[in-house]
Structures are given as structure tokens and as C-alpha cells.
Amino acid sequence: MSNRVVTFGEIMLRLAPEGYYRFLQADSFGAVYGGGEANVAVSLAQFGIDAAFVSKLPDHDIGQAAVNSLRRWGVDTSCILRGGDRVGIYYLERGASQRPSKVIYDRAGSSFAMSKRTEYDWEKLFAGASWFHLTGITPALGEELSAASLEAVKAAKRLGLTVSCDINYRSKLWDKETAGRVMSELLPYVDIYIGGRGQEDELFGIHTELRSEDDYSAYEPAVKELCRRFGFKQAAMTLRTTVSSNVNKWAALLCDGSSFSYSREYEIDIVDRVGGGDSFAAGLIYASLSGMSRQDTVDFAAAASCLKLTVEGDQNVVTADEVMQLVKSGSAQIKR
Amino acid sequence: MSNRVVTFGEIMLRLAPEGYYRFLQADSFGAVYGGGEANVAVSLAQFGIDAAFVSKLPDHDIGQAAVNSLRRWGVDTSCILRGGDRVGIYYLERGASQRPSKVIYDRAGSSFAMSKRTEYDWEKLFAGASWFHLTGITPALGEELSAASLEAVKAAKRLGLTVSCDINYRSKLWDKETAGRVMSELLPYVDIYIGGRGQEDELFGIHTELRSEDDYSAYEPAVKELCRRFGFKQAAMTLRTTVSSNVNKWAALLCDGSSFSYSREYEIDIVDRVGGGDSFAAGLIYASLSGMSRQDTVDFAAAASCLKLTVEGDQNVVTADEVMQLVKSGSAQIKR
Amino acid sequence: MSNRVVTFGEIMLRLAPEGYYRFLQADSFGAVYGGGEANVAVSLAQFGIDAAFVSKLPDHDIGQAAVNSLRRWGVDTSCILRGGDRVGIYYLERGASQRPSKVIYDRAGSSFAMSKRTEYDWEKLFAGASWFHLTGITPALGEELSAASLEAVKAAKRLGLTVSCDINYRSKLWDKETAGRVMSELLPYVDIYIGGRGQEDELFGIHTELRSEDDYSAYEPAVKELCRRFGFKQAAMTLRTTVSSNVNKWAALLCDGSSFSYSREYEIDIVDRVGGGDSFAAGLIYASLSGMSRQDTVDFAAAASCLKLTVEGDQNVVTADEVMQLVKSGSAQIKR
Amino acid sequence: MSNRVVTFGEIMLRLAPEGYYRFLQADSFGAVYGGGEANVAVSLAQFGIDAAFVSKLPDHDIGQAAVNSLRRWGVDTSCILRGGDRVGIYYLERGASQRPSKVIYDRAGSSFAMSKRTEYDWEKLFAGASWFHLTGITPALGEELSAASLEAVKAAKRLGLTVSCDINYRSKLWDKETAGRVMSELLPYVDIYIGGRGQEDELFGIHTELRSEDDYSAYEPAVKELCRRFGFKQAAMTLRTTVSSNVNKWAALLCDGSSFSYSREYEIDIVDRVGGGDSFAAGLIYASLSGMSRQDTVDFAAAASCLKLTVEGDQNVVTADEVMQLVKSGSAQIKR
Amino acid sequence: MSNRVVTFGEIMLRLAPEGYYRFLQADSFGAVYGGGEANVAVSLAQFGIDAAFVSKLPDHDIGQAAVNSLRRWGVDTSCILRGGDRVGIYYLERGASQRPSKVIYDRAGSSFAMSKRTEYDWEKLFAGASWFHLTGITPALGEELSAASLEAVKAAKRLGLTVSCDINYRSKLWDKETAGRVMSELLPYVDIYIGGRGQEDELFGIHTELRSEDDYSAYEPAVKELCRRFGFKQAAMTLRTTVSSNVNKWAALLCDGSSFSYSREYEIDIVDRVGGGDSFAAGLIYASLSGMSRQDTVDFAAAASCLKLTVEGDQNVVTADEVMQLVKSGSAQIKR
Amino acid sequence: MSNRVVTFGEIMLRLAPEGYYRFLQADSFGAVYGGGEANVAVSLAQFGIDAAFVSKLPDHDIGQAAVNSLRRWGVDTSCILRGGDRVGIYYLERGASQRPSKVIYDRAGSSFAMSKRTEYDWEKLFAGASWFHLTGITPALGEELSAASLEAVKAAKRLGLTVSCDINYRSKLWDKETAGRVMSELLPYVDIYIGGRGQEDELFGIHTELRSEDDYSAYEPAVKELCRRFGFKQAAMTLRTTVSSNVNKWAALLCDGSSFSYSREYEIDIVDRVGGGDSFAAGLIYASLSGMSRQDTVDFAAAASCLKLTVEGDQNVVTADEVMQLVKSGSAQIKR
């Protein structure tokens, strides 16, 4: 069977001052192109998966630069529509120690956000694919895109693709109520749920009482309830703890509806904190497509996202071998 | 009498790849904040003039960075409204030799473009001012801003300010017909007209037949007609010739309705071609406020803009002394 | 009442190799302009305070660049005298882990150091001001400037300003005996004392025996004695512990002569260790002007300086809101 | 008919000091990946052609980086063999004015240079292709690669592809005699010859006496003789004149065996002088595939290479539209 | 007696992406020149020792740049042969947290690797020297260089020089068996052995069972056995523990055949992990030449290498005073 | 006979904004170390001459960095005294087109400027030397250094060295009268005079009337008069014409007291205009030491300085071969 994975979402221009400079101090911005679903596609391509990204970008040089950035990493960009006026932007200021990172979105009116449901022909876009991945960001961009997302998951189910969804709730894009309502329509068509801890509470009111920040098993009833309510085959929860802007703890659990597997917990000196969840999703998809066990899957996905946080940019430029090596050893020995 | 000059317009974030890199090659952008009317204010402040800039910027860090960039150069930013969502952007790719420079605008929906005429209280904004400068860009940004511009020039006349206007026609913002109609309403309130050659033809159908690119005196009838039609006290025309992306010729003429003065012509190895016209306007305003003769005024203004093209960024970071030195000598001797 | 704060001191050009490069490896220097009292003014301006800086700078471009750097941050630079020959310089090499940071001063003969007491007309400089802040650095620069400092604090008291002084003893500038003697003349005119721990011992022989580095309450008798001896309304002591060049602990105490308030202690991954004390002083001044309680004041000031250590450059480019957020939560969550 | 073009050659890591720094002054190198045939493929891909590159690269990250650089520009890299030890390197120092550019090759032992003729299965590599382009560099890399080149052109002819060859004689790689002998075996299978002026003399002893450097028509007999001797359908000669390291003149002629077309001559302020000939070849191939006339073809190819010299890097990152615009106007007006 | 130290080995061009960028993300490489034995010479020269480096480099600009890099640091380069084709290269990717650093060697065929034993006239090269230092890297580069190394140590012994050898086993250059055999021939001529822990097991089968990673005294029998077997006057073992790519622990022991001295253990936030062992060797040689006690020697050498890990590049750009200061205090206080 | 050349002067830290940025725009400075006499030594060392530099530098890291910069280029730094407080600085802003370059000196109080005549033991410093070169800058730095210069030239003559002097009048350092008087005392001990055109008029009142800027032969009487008045064996005059900040014309003449030789005239696209005269002096010294004819000498020296203007920094990093190649061809062909 094919290993073609399709993702659907927006790719934005990320403008970030160098190093630890603040927005107010910057006289240049590092420019990379990223976005949740694009990041998943890039990571999958590094793992050797045939990954295609569906989106819309303007037909000018900034739009082309976004396309080229994906081609460079081996993502199939032939499904990207061209047209509209602008590439969405997000400004990123890197935090340090007690100073948090800061994001300013300037994504309204982008070619993708203005695109219509009718522009996406899912039968054609899913040709030859075995997996479809989406996130909660795309439906948050307006009615057309939540409708397009719903059509996409329905088509994916109809065509026999596995569907995964990273819930990825962003409070700057929509409120909890709308998000809960819209996502509740989509999730019945989803096989594998991925979410950060607490998002099941914010969106669906499934509350967990924690005794401490690392009381991970306390989430088990909530995850089971998610599986029950939406009929997921699997549900994964990422368990990030922000020690400081420089140090995060990172672990994950994976549930098949009844049993749980837990990854190792990593304490990570962060190079770039964006894209952690996306790299986890890519790791999970790769591991599933490779037929790994539930335990190996959550180990692989957590190790993949651990490595992401040590890599510059939105995207997890690491190979499956590198991830496996971390799963096996945890070591960081120079090789020479 | 006061030497306070007020300008009104948009300041944008300019994102430009370093050196001669193309958009498609860039992985960082130099970031400066500029815009026609802001550039005039900055140049005037370098000449020691009390220059204030009226605009609107969002109340977040990118907006603040734009404010700070003006404060750095000594511009009075206390008249800038804060609110709205975004700082307009323009992407700039520097051309070289036969390859032209390239601009991609991403300015729709900016805080300034979305601002309302009623937000600008001209009586208050003009307090203590003796000169008002605007350009044809602001009225191009929509009905609210063309209305605001009209109210501004009317108020300025009423309050006894001198009004200068750089016609600055931008075909990407509006068509010739609309531009001609809107500007024709504004110009009767303007004392001093500034325009690049040919714009009087595009907007007002005042045609000139040239025998060669440097047949500058051929424009005299057109300039006189401009003065006649709109009642200008003075009209200046900048005379740029693009030899290549690296080399421009630059001269100017100034007319008092009947007589003409011509500046020297400069052949310039260009460092940054943006802001040439703005620096000319600032030079003309400064020279006028300083009581220079018509000949000295056009000489000063042309030398100012010659120097601008040798300076990085949108803005003419040169002093009046430096301009005077070029007027006098044309020499570029190192001093040590 | 007005919220105008005046500070008095030197602003220098800081030349620092990029990143962790040593002086011997550098082929470029990052250039920022800073100095204790200027840093206080900049931080206050970010908090929305009307902050003015009194100093002297040469009338050439390097002097102007220093002025512009302050204008950018909203500091009132109209009180800066222009003249003399040079901008003082300090070279800064960033330490790492066990390798300490290194400073080489090249400030002798600067315009400020050569300025005369008679150049400063305090009645005029203090017009409209409610607070005067100075440090022990300015009096260390020679007899003229210690005389000027004394005249300044006397005038400030006479005019009803609150006077704060950061003791800031620098052994490279003067010896303990001279420093103790000169500062003892100034301090009776000071309302609020700020000092690093141990400086009261070095300068005034007020010794504290510590059982451990974090035995902070042991300093209470010494701080009370300072208040008693010089008649301070309040005395603050910053409590820095250098874990390594990359990690510092930072806390503070504030005493009203009899009672003590302690801030939280922060363990900080350092981005730039210069200006910690200056940002503390600015935080304390802002909190006092805002009418905060003693506890809130020391909390605000300590949090402000914690954030400073996470910001590049000498100056604390953070808003009062950002400081308050750290006071409240200590969290460093990305916002999106 | 298909528009698939296959090129065959080496792609190297180019290490160049920034700006005008000399090798001895450099403490960093800009890194791009380029080589004659790869450059042709990249340029063709920018023109919208399906371009594939055949080569061999090591299976490590530096090899992968070379692959990714081609993918970014849309080149089909699926035909690149992986294995061997190293990516060939060339060091490039940019000249200025009277100081010439300098190249140091470090390409011996590269994966490509060590590859064997038997590794290339031309039937398979040419599947679906209509054009094959090679240069005189590949045969210069040793017997295996000259044999592979010969097999390639034979297979191409057999399979009905058009074959073009850029003679590209490099004296640092082989001597004139060997080059002349080996190329004489290959050229009978070539349809379109491309060469710099004088190379027909160095390799095949076809001498031209010039009255002056721009006495271009003097080359006509030599070009006709080339066509006659090797049976070319067309022969193009590029006519570069080095005014200085910063300024080159560039023109070209194209002959169908009897008649000649000449391009306009461009005087170019050079940004990066590498890859001029390659961009000419790509322009010629594109124009031919587009069915342009001989005159339009040489105009397009010359304009393409003119633009290349204004672009950083080895590769001509310009679109066919941009080339057409230069052909039509020669203007370099900013568009806004 | 003289303090001239001679080292013998290869100096390579190190190409490393900036900061934490991966090879696949790099578009420039920082360029420094380094290699084990050259690094020892540089460190010794910073300590004021007359250090000479024996090697071979090509007679072109890249070779000259390597020479100049050593001259800059005060190393005597008059013994470097010139000729051959290339400077060996190693690509270095800096790891972070759980992501290990990565090295790709491209050193085959270098001028040094191709040099012949007969090119080195040891009598002449050792003129005036009192110490010879080599490592296990040079003999790994082929038969000629292992022969040259053997001739060198024999000559050194004959001429009365002290000989030190850093075992420095690199599995990418040769296998354990060959390494063990070749080094066993050399070591009888060596006075002072330096090795990382475990290398005595890999090469000579002297096994140590550890109860924990910091069970350093467990190595004592192995170190004694090394001394016994090869007749070393002293044997040093460096004790590195990789906590993560960012944090290493570092200590060392020194044995005179029977008794042991241990350095303090440093936990180090790493700036550049290359060259730790080399800086240890340099510290040991300097301390020995200075007549320090065994305890002082191992303290100095360990502190020297601790500082190295906080310095960018391969080379330990620190003075003996700076090392002594760390030995005494461990503090990292800024000095001003 | 020996080829050891001794030069005597100051080496300063040059701080220059990148590219064409103005002082007011800079947030970093490129840092190189240079000065007239040091530049001559560096250029001579590149030509293979044993060049020693006599000066005084502080005993801190910035002083050491200056020493290391000279060592890197092969200059003998063993004659540099260490002590005093500071390295002199000059700020350099690169001009462009009509905007002139700008220099701000901050050199007062440097270790060299404060050094005493008694610190220089010329007998010892000239040991083994055959040539002494000084310039008019050192005597301009005060009485001690003009006395030291006079002692130096007297000692040089006594010891049989050839003495060359580049008159190098700097109006920012001293006035014409003092300069003329002091230099008149020194010049009788000088064998070879080097000066820019017009300096003989400014200092010694030897006036030339020019018909045009390139009326070079008009200077012949003045040069002869110089030779006659001071008894020079040879006198060279450099003939620079500033076309713009980007373009200079450069030529030279050399006179043996009666006859004249003229170099070719170069029109140069300037990379870095500092150090042109110094590179000319080095070329003249090298050519003289190599026994070249008067014509060959002036050709070599002029070509050397032409190349300098195409090289970044103060110093002429070119080999004698590269100069010879320009003398022969004038060509700037890439070699590959």
C-alpha cells in the first residue's frame, strides 16, 4: 500500500529577530516559511515518506519562495493552488529564561485564508494517498475553511484514508465555544487524535484534576473519554512542561481507547520551540505507517519532537535514523 | 515664525533581502520602516527642522518599532494614532545593472489604510505648524484617506500653513483616472507642487514631446500649465533618468509660474534608490523655510536627493551641511 | 505631580564581539550605547515615564549616534550638552560558564569626563522634574564631576525632588577610601539608597558576616545602619549570586529604615549581564512613582532586573506590563 | 512532445568569501552548490521546463544538501546516484576592478569523478526526455566519465533526443590536445554547439584573426567550419569581453551552418560572474524548445545570461518573463 | 634550558554552520583551521611557550590561510612544508541538548596525508627543542605517516626531548587492531601518555569495570598497567561525561606510575566542544615545563581544558593567568 | 645583504560600519588594525620581505589583538613595546558616489602617542636591517615622537640603512607651518621621498600651476626642487584623481633628481580607499630592494597600490606575483 500522506493548511512567512533580540531591537528578520500542517509534511519527507501539502499561495515571488522552501525538503508541492494576494505572516520573538517568547500574527487576508471550499477537489487531491492529516488551525480560519476541512475528512474516510488530527487550539484565532463546536463536527471522521494536555478541557469540557505538573496518569480518564466520545482508534497527548523559555520537559502518552503507553520524558535545552507538536504528529504518522507497536510509536514520536526543539526553524530536519538513535540511547556523543 | 512641518501618510515595514539577493534566495530580510511622507519628516529632522508625522500604527511591538525608528531620527511622533491590526509591508528586491528592482506591496488592511477621516483633528494636529506636506499616496489608499487629505489641505490653508504636495502617482494603488480626479480636488489648496516628469501627463493629460531623455526644457510649457491650472506658487519637477539599476542621472527644475531654475545634473552610483523624491521634497521645504532663492532651492533639493541615493534605507540621513558641501563642490574627498 | 525623572551620567560606546567570541578572535564589534544612568532613563521611558538624561557628548557623528540611541527609546535628550572630543568606550567580552566576562575601559578624556561643574545649570535642568537619580560612577570620574554631583543633589533637595543613588562602586575608577569619602558627602542629600551587597562594607566599613551566600537576612543590620548613618528614607540591596557566567541568581531587599521586604529569588539563564543594577533602580523608581507598596516595589524592581538579564544590550527594553506579568506568574509561556 | 531536458555533470560545493574579501582574509565562506550542467538544469526549471540532473553524490549530509539545493529550484533529482566519499569543492574569490577573480579547485576524488560508466543506464535515464545537454567538463574528469559521456550522446541520438554541448574548455582539468581529441569523438553526436570565443582555436585549431575585441563577425568562418566539421545543426558563440572584474560586455551569435544572427550587446555591472555560459545554454535550449526563431533564440539566450551576471550564485534564478522583458526593453525600471 | 615544543600533525579547514544550524540548513560555513597537534601548539603559544608546528600544506591561498591562522596565534610556522594539492577538511555540525554534534571528514588526499616520511628531517626540526608532542591521529593517516611518527619519537628520545602522546583514537580513521599495533610500537618512546577514558581498553585491552560514570578511581589499575607496559613516566586520563550536547562534566587524573592526583571536576556549559583534549595536553605540557607539582599540573591542565570548552573554535585562546585564576577560584565574576 | 625593513609608527583600531552604512545607522563596526607604517610592513611581508614594525601598544587584549593582526600577515612584532593605556581608534565611514568617505580620529592618549623618545633604542631596533621607512604621521603626534623620528633617521643613516619617507601630511594632526618645519629637519636624512601631489606645496611652498588635473608633467620642476633642496636620491609622487567615492584614477612618477619615469594610469572601482599611499611605498621599497629599474619600480609600485584599492581593509594583501601580473597585462580574467 502507498505511503502517501496529505496535509492541508496554511504556510506562513515567519519573521524572527536574530538570537535573543526583541522586536524593538531588530533591524533584520530571519525568514523561514512554516505552519503546522506544512511542518508535518516536511518532517515526514525527511523520514522518507511521500508527503504532499495542500494549500493556496499567491502567484508572486514571496508565494514562490514558500513553495521552494517545501520543495527543498522534498515535499510534493504540486497540489498547492496559486492565487490571491498575500502570504500570511507571523512575527516570532524568542524568549529567554523568565522572558516568554512572543508571537504577533499578521495572517488575515492571506491567499489561503481567503480561499473557498470549492477550490479543493478532494477526490483528486487524495489520489494515491493513504493518510490525511489536518489540525485545528485550518478550521479556525473561517467558515470556508472549516467547511473545506469537513469535506476533506469526509472524503478521506470515504476513500479509505487514515485521518489524524492535531487539535492545536489557538485562542488568538477563535474562541473556545466555536472551536469546540466546529471540531466536534470534524472529529467523528478522525481516526487518531493528537492534542496538548488541557485542550480537551478547553474545547470539550473534559476536566482533569492534577496533583502536580508531572502527574501524567491523571489524564487517562480524560483521554479515554475523548476516544469514547469521538470514536478514535488512538489518542495521543503531548505533555509539555515549560521550565523556562530555555528549558522544557517533553513526554507523551498514547491510548488505544483502553490501554496506555508512555514515552520517556526529555528535559530539553531549547534551540527553537516552534513546531514541537507538529514533529510529534509526524513521528506518530511515520511510526504508524511503519507498523510500529503502540509503545514504539509513542517513543518514536516523543523522540522526534525532542529533536525538533534542538533544531532551528519550524521544521524538524532530522532523519528517522537520528530519531531511532535517540530512542535507543538518549546519548549525544559526537561522532568522529 | 515657527519651523514646524507636519507630514501625513503611512509608514510601512520594508523587508529587503541583503545585497543583491533575490526574493527567492533570501533567508533573511533587512527591516527598516519607511514611507514617502515619513521619509520627508526624517530628512527634515536631520536638517534641524521640527518635523511631526501624522499617521496611525497598531498598538503592538511592530507598530512601536515603527514609532521608535522615527524617534531615533528626531521626528515628533506624538501625533501618531495607535490602534488597528497591522503595519503595512513592502518587500523590496534590489536590482542590478539590467535587472530592475522589484517591489511587492502587502499594505492592504493596515492600521493607517483602515483609519477614518474623523480620527484626524487637523486643527489640533497643525497647532504651531507652518508647513504641511502630503503626497499622492495617501489619497490613493481609499475614500476615507482621500477625504482626510482633502480636509487636511483645507484646514492647512485656513490656518495659514504653506502646503506642498508630491504627486507620487503609483499605478499599483489606483488608476490614472481616479488619481487625476481626486488629486484635482486637492491641488487647488496646494502652494508647491512636486512631481516626477510625466506624471502631469498621466494624471492631467498635460503632454510633452521630448526630443531626447535630457531635453529638460521641453517640460517648461507643461509645468507652466500646471501652475496655471491649479494656482501653484511654485512647481518642481524631478528629472530622473535610469541608466541602469546601478546608475541614475538626477536633476530638477523649479518654476515660479513663469521663470525656471535648473539644478546641476548628477550621475549617481546608486546605493539605495528608494526615497529619492522624498528627499527632494524635504530639501525643497528646508530651502524654502530657510529663505533661499529659487536657484539655491532647486540646487539644495537636487543635491539632497543625490546624496539620498548614496545612503542605505528609505531615508536621507544627511545634514544640511553635507548637502551644502555637495552643492558647492561636487567633490567626494575623504577628510582626515 | 509630574513624573519627570532626571538622570546624570556618561553614555559610552560599548564594543562587544559577537556571541561568545573573545576579544582576540573578534573582527567586528556590536555597537550599542550605554551607561548606568542612561540605562535607568531608557528603562523608565519604556515604563512610560518622562525621563531626561543629562550628560555631554561630542558634536560629531559618534556623539550624535549616542543621542539618537536614546531618542529611539523615548528618552528626552534635550539636556545633553554637545562639545569635547570623544565618546568614552568600553569593550565587553561575554563570558561563558567558568570563563568570566571581561571589560576594558577606554573612557578617559571623554567629553563627559572633561566637562566642568559650571556647565550644568541644575535649576534649569531640574525644571518640571520630580525625581533625580545618580550613581557612584559619575563622582568617580574626577573632581569636577564629583563637585557637579554634589551640586546636583543639593539643588535637587532644594527643589523638592526625590533623590535616589545607586552606589555602584567601580574599583577600576577609584579606590575605596576616596569613594567612601566622596560618597559620604553626597549621601546625606539622598532619599533612596541602592547598592549591591558588600559595597556598604567596601566603602563605609559596615561589615556583615554571612553563613552562606543566600543568607540574605544577615544584611539587615548593615542596611539599617546605612539608613541611620545617612538618613535614607529607603535603602535597597540587590542580591546577585554568580552561579556561572551563564547563570545568576537575583533577588533584592528593600528597607524603610526599620522593616524589610524581600523579592522572590530568580535563577536566570543570562543573555546579557550588563545593566542588571540599572534596571533594578529604574524598576524601583517607577514603582515608587506609581505609589506601590514596599513589597510591590521590591517585587517589581527585582522582576524588572530579572527580565533585563534576558535582554541583549545594556538597556532593559521591557514594558511595565511585561514586568507585572512576571511578578504575577513567573511563567514564560509563548502566547499565540 | 515532452519538454524534458536531461543534463549530466558534477555539482560541487562552492565556498566563497563574502563580498570582496580575499581567501586570506576570510573567516567564513558562503556555501552554494553549483556546476555547469546543474546550473543549466536550474535555469531551465525556472523557465518552467521539466529538467532532470544526472550525477553522483555521497550519501551523507553534504551530499544531501547538494540534492536539496536542486530540489529547491524544482530540478528533478531522482536520477542522482548516491554513494562515494565526497562532494567536490571549488573555492571562489571575487575579483574587483583590476584584481581578477580566483578559483581553487578541490574536486579530485569526488563521488562523481570516481563514478563508473557502468553506473549510468542511459536508456532509463533518458526515458521521456527530448533533449540532452552536456559540457566539456564532464569528459575532462577522467576516462570513465569521457566514456560515459560518449555513451550518453550515442544513446541520446539513438533515442531521438536533441543533443547540445557547451564546449567549456578548462585548462586546469586537461590539456588542449587531450581535450581536442576527446571532444572530437563526442561532437559528431551533438546537434547544437555552444562555445566561448577562441575555444574552437584552442581545441580544434580553427583560428580567427581579430582586428579588435568587438570584431565579432570575424568569427563567422570559424563557426561555419565548426558546423561543417562536426555536422552541427546550430552553433552558438558567446562573446564576452572583460572590461574589468566589475564590468563585462556580453553578446552572442548563432549560426545554422550558413546564416548568422547576433544578439544585442550588454555592458553589465557584474554581481556574480560564474554561470554566464550555463545560463546562455539554458536560454538557448528553452528558446529552441519554445520554437523561437534563430534571432529570437540568440536574443533570449543572451538576455538570460546578461541577467545571470546580475544574480548572486552560480545559478540563473530568473523567469522566462523576466528575460523577455529585458529582450523587449533593456530597461531596469523599478515597478511599484 | 629551552622551552621549545614541537608538535607534528595535520591542520584542517573546519567548516561549521553558524550557531545550531544543521548541515542541511546551512548557506554559509564558519571557517577556522585546526587539528589536534596544531591546537596544542596554539594553546602553548598563548601560554608564552615557543611552539613550533611541523606539517605540510599546499602552496596555494587556502594553504597559506592555514599558515596565517597559526602565525596569528604566535606559532612558529617555519617548519611547515609546502606542496601537494589540498587542505584536509572536516565539516562540523554543533549539537544541542539531545541532538549530538556531527563530524564529516573530507581529509583524504591532503598535502599532509600524502607526505612522505623522507620529507621530515627530524634532527633539523628538533633543533633547539626540549619537548615533542604527537597524537594517535597522525599515525592513523597511513603507513608513511606512522613511519614518520615512529622516526620522530625515536629521534626525539635520541636528542633528549621529552615526548608526550595523546592517544586520540579515531574509529573513522583506522580500526582498533591496527591502532593498537601501531601505537604499541610508538609508545615505548613516549614519556607522558594522555588518553580519554576507555581508549586503553579499545586499543590495548586494558579493561575497567565501572560502577558508575563518575567512579573515576576504578581506572587506577588500568592506568598503572599502561605505565607498566609502556614505561611512561606519567600517564594522564581525561574524564569527560557527556550530560548533553550543551553540558559536559570534565575532570582528569595524573599518575606517576604509582600515585594519583585528581583535578577538580567541572560541569561546563559548552560553547565549542572541539579541542578539549588538545587543550588538556597543552596545559599538561606547560605545567610540566613550568616545574609544577603533579597535583598542580593536573589542576592546571583540567582548568585549561574547562576554559577551552567555553571558547569558540578548535583552539584554546586563553592565557596561563586566566587558567591559574580558574584553578584558584572557579569564579566567573565580571571585572570592571 | 639583508632584506630587513623596519617601519615606525602607530597601529590603530579601525572601526567601520558595514558596507555603505553611515555612522548614524551602524549597530556594528568591522574591526581591523591599521596605520600607515604598519600597512607598509604588512604589504612588504606579503612580498616576502622580512618586515619589522616598531611601535607601542597597551598590554591588554585590544593591544594584543593588534599585535596578532600583524603576526597573521607575517610581520615581525618582536620590536613592539607594550604598555600604556589605549589603542588609538579611527572611525571610518565609506563614501559612495557623490558622498565622501568620513574619518573621525580618536587617537589622542594612545600608548604610542604617549611613548617617549627614550623608549626606542635605535641601534638595537635596526640590528640586521637594511631599510628604514617612516611617514609624516609619527612626527605629527607630538614632540616626543618627532624627536624619536629624528633620532631614528639619524641612526639609520649612521648605520647605513636606506631611508624612505612618505610625507603623508594630515591637517587634522598638525598645521602646515609646524609640519613644514619639523619635516624639513628630518628630510635631509632621507634617501627616498614619497608624497601625494600638492603636499610639497602645502609644506614647503613649492608651487605647481596645473592646466588640468592630469597635467602630470607640470609637477616635474617641483619634484626636482624637492630633490635638490633635501638631497633625495629619488622622489616619487602619487597622482590620485577622485572621480567619485567609487572611482579613482591612480598613477605615479619617480624622479632620480633629473630624469622621470611615469607609471600607467589606472581607473579603479574602489573597494577600500584606505592605504593606497602605503601600498605604493611598500611597492617602491620592494622594487628597489629587488634591484628593479626606475621604470619597473614606479610600474610595480603603482600597480601594487591599484590592487590595494580593490582589497578590503587598510592593508595590501597581495603577492608580488599578483602585482607583476597586473604590470604585465592589466587583465582581470578569472582563472579556472
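Worth pointing out:
Chains here go by letter, A, B, C, D, E and F, matching the order in which they are written, and residues are numbered from 1 within each.
In this text, a contact is a pair of C-beta atoms (placed from the backbone, for glycine too) under 8 Å apart; a residue touches a chain by one contact, two chains touch by 3 or more.
Since the structure is predicted, the reported quantities are computational estimates derived from the model, not experimental observations.
Using the contact threshold fixed earlier, the set of chains in contact with both subunit A and subunit E is C, D.
Looking for a copy of the A-C interface in D-E, A-E or A-D, one arrives at A-E, which has over half of the same contact pairs by residue number.
Work out the mean CA point of subunit D and of subunit F, and you get 45 Å between them. In subunit E, the residues that touch at least two other chains are 22, 24, 27, 68, 102. Contact between chains, using the touch rule, shows up for A-B, A-C, A-D, A-E, B-C, B-D, B-F, C-E, C-F, D-E, D-F, E-F.
Residues 15, 18, 22-24, 26-32, 60-62, 64-65, 68, 85-87, 89, 91, 93, 102, 104, 106, 108-109 of subunit E are the ones touching subunit D in the complex. Residues 68-69, 71-74 of subunit D are the ones that touch subunit A when the two sit in their complex. The touching residues of subunit A, when paired with subunit C in their complex, are 19-22, 24-25, 90, 95-103, 105, 170, 172, 242, 244-247, 273. By the touch criterion stated above, subunit D contacts subunit B in their complex at residues 266, 268-271, 303, 306-307, 309-313, 317-318, 322, 326, 330-336.
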